Amino acid sequence: MTVGFLLRTGPYTSQNVDTCYQLASRFLARGHEVRMFLYEDGVFNLDKEIQSPQERNLAEMMAELAQKGAKIKACGTCAKFRGLKRTDIIEGTKLAGMVVFSNYVKECDRFLSFGF
Amino acid sequence: MEAKKVAVLIRSAPYGMATAGEGFRALIGLVSMGIQTHVVLVDDGVMVALKNQSPEVLDMNNLVDLYAQLPGLGAKLYLHHPSLADHGISPDACIEAEVLDDEKLRRLISSVDHVITFN
Amino acid sequence: MENLYLVTRSTFERTAWQLAARLAKRGDTICFAQDAVLAVQGPKELSRKLSEMESAGVTVRFLAEDLAARGLTAPEGKTVNYDGLTSLIEEAKHIIS
Amino acid sequence: MENLYLVTRSTFERTAWQLAARLAKRGDTICFAQDAVLAVQGPKELSRKLSEMESAGVTVRFLAEDLAARGLTAPEGKTVNYDGLTSLIEEAKHIIS
Amino acid sequence: MEAKKVAVLIRSAPYGMATAGEGFRALIGLVSMGIQTHVVLVDDGVMVALKNQSPEVLDMNNLVDLYAQLPGLGAKLYLHHPSLADHGISPDACIEAEVLDDEKLRRLISSVDHVITFN
Amino acid sequence: MTVGFLLRTGPYTSQNVDTCYQLASRFLARGHEVRMFLYEDGVFNLDKEIQSPQERNLAEMMAELAQKGAKIKACGTCAKFRGLKRTDIIEGTKLAGMVVFSNYVKECDRFLSFGF
């Protein structure tokens, strides 16, 4: 099956991104497809400039999910309002519009929302 | 792929957090891509429907005016009645929307493919 | 004024207002701003508590701009605007949010 | 399973759990994760409600990793770990958070 | 400039939000700059003091171990008793700290220059 | 007098930064000193790359406060964990350590905290 995530919170502020990572990893390991749309502060989870000495690197964890086949996109408008540029984003992920979000919703058999 | 149906639950009050505003942008995306979209204002989300909002004093966009456009855009708008009652808001003080009790909300949820929450 | 309690989170969605209601005493002010202006609508437990507090000499205020933005109104004389809140902060010994 | 209600916010600090408690019915599952695992401690209104819900056929679960992180324990048989939650999501028709 | 006294209220549970963790970093900064720092765990913040936390399962740093170091670093640690009671937590289940009722918390607040909240 | 702010939330997500701007503007207009420390997601309010077509630009509003004399600093560690670099910050503000935060606390006659 295909499992979709909407993640609206940023890194090192809320546990949401950790929960999404744990669940998405397991869905991938079970052979499911994963779609993740990062919205509002969620876009910051893809910032490749994140440096987290002696702690888990959440951007690298997102990159790992992408590398394992998860499709991960972040809202371009949210990024623009938050000063995050296309070139700031980790490999294997992209900024996108709400068309992609809608397609993820269409493609999914299960859908999870993580907000504030 | 067959047409999908979703219920979007807006659970937060307008302006204090971006939730209701960004939720609107998301559901406009859903509607424009042909997804049958049911928007339910629930919990603090019912405050979005209150008439006479003046967010220009905060230099912000008026959300009740945006949400009022939903039916015209093809999305269905609902108000959760127990949330209205808890908040001491009469449906008459709100923009036009179908009022749902818990049982009707459960049935709406059963009828859709996905529930997307903005909280 | 001794203490200004500044509550900014929805009084329906959060329980943060309860600490202010618990600690505020005669001469203190409790001001509701941002989504906390929903306090004019309740919940009931808060409305009851606010009446008690006012009887006990606590001043209760709602931020006018945040009320107006949300289409809400507070009873006559219980609003302050940003200028008024600025003055309340000048007068307070502590601000507790 | 028809619906999985996934609650992630503290049950003391937020009232978000109340919608799940209001809507969940026989055959549904309510799972508390992140700070919502504080639900094992209350508040009292929630503890009462959870007993009622279980009697009415709602399954109640607490995420094991989030409990352990916070030094909390749930009654025997009422925990799921991440693997179990993954399975609950596979089995659910809707996930409501 | 005379020595300042502050009360830092930690109002959120550990791990779900960074609040208690980042609050710790802030109050270490205060202590190390010679500010007399009183740390009060209140509301969900009392959960920070619970023994036997295992956040390594979440790949996070142990906060109760950090907060337990505060007295040794020169900050005073307090637990708000009504918050403990609401949360069904006994002071015995917590690390060593002075327990405050509402009146004592009010007096502590009166005795400091500033109250800084982490919520 | 000197008024201090601790702001822990980011732009376009919470109204906190708007409330801080409104109050800080008034304190400055009344001849008071303003100190503002941006912590956790608050650091993003200083991102000069913020673009907000047809809406208020919160980074420009922060820059305006700095230009009017407010001292504004953002936590360097928070910025590092969030991928925000020294060169991303608006004019008149800087990344700083907790020593600066502590000094702000020392210098202030009033102190306000804005969190989650």
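We call the chains A, B, C, D, E and F, going by the order they appear; numbering starts again at 1 in every chain.
We take it that a contact is a pair of C-beta atoms (placed from the backbone, for glycine too) under 8 Å apart; a residue touches a chain by one contact, two chains touch by 3 or more.
All figures in this text were calculated on a predicted structure; none of them were measured in a lab.
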item	value
Neighbouring chains common to subunit A and subunit B, by label	D, F
Other chains in touch with both subunit C and subunit D	B, E
Per Cα centroids, the chain farthest from subunit A	C
Centroid-based (C-alpha) most distant chain relative to subunit F	D
For subunit B paired with subunit E, centre-to-centre distance based on mean C-alpha positions, whole Å	39
Rounded Å distance between subunit B and subunit C, as computed from the means of their C-alpha atoms	28
Euclidean distance of C-alpha centroids - subunit C vs subunit F, Å	24
Residues of subunit F engaged with two or more neighbouring chains	12-13, 15, 40, 55, 78, 110-111, 113, 115
Contacts with 2+ other chains: residues of subunit C	8, 12-13, 15-16, 34-35, 65, 95, 97
Multi-partner residues of subunit E (at least 2 other chains)	12, 15-18, 43, 58, 60, 114-115, 117, 119
Touching pairs - complete list by chain label	A-B, A-D, A-E, A-F, B-C, B-D, B-F, C-D, C-E, C-F, D-E, E-F
In the complex with subunit F, residue positions of subunit C that touch it	6, 8, 33-35, 65, 82-83, 85-86, 89-90, 92, 95, 97
Sites on subunit A touched by subunit E in the complex	12-15, 18, 55-56
Parts of subunit D lying in touch with subunit E, wherever the complex brings them together	8-10, 12-13, 34-36, 38, 41-43, 65-66, 68-72
Touch list for subunit F against partner subunit E, complex	4, 6, 8, 39-40, 77-78, 97-99, 101-103, 105-108, 110-111, 113, 115-116
Interface residues, subunit E side, partner subunit F - complex	1, 4, 6, 12, 17-19, 22, 25-26, 28-30, 32-33, 35, 114-119
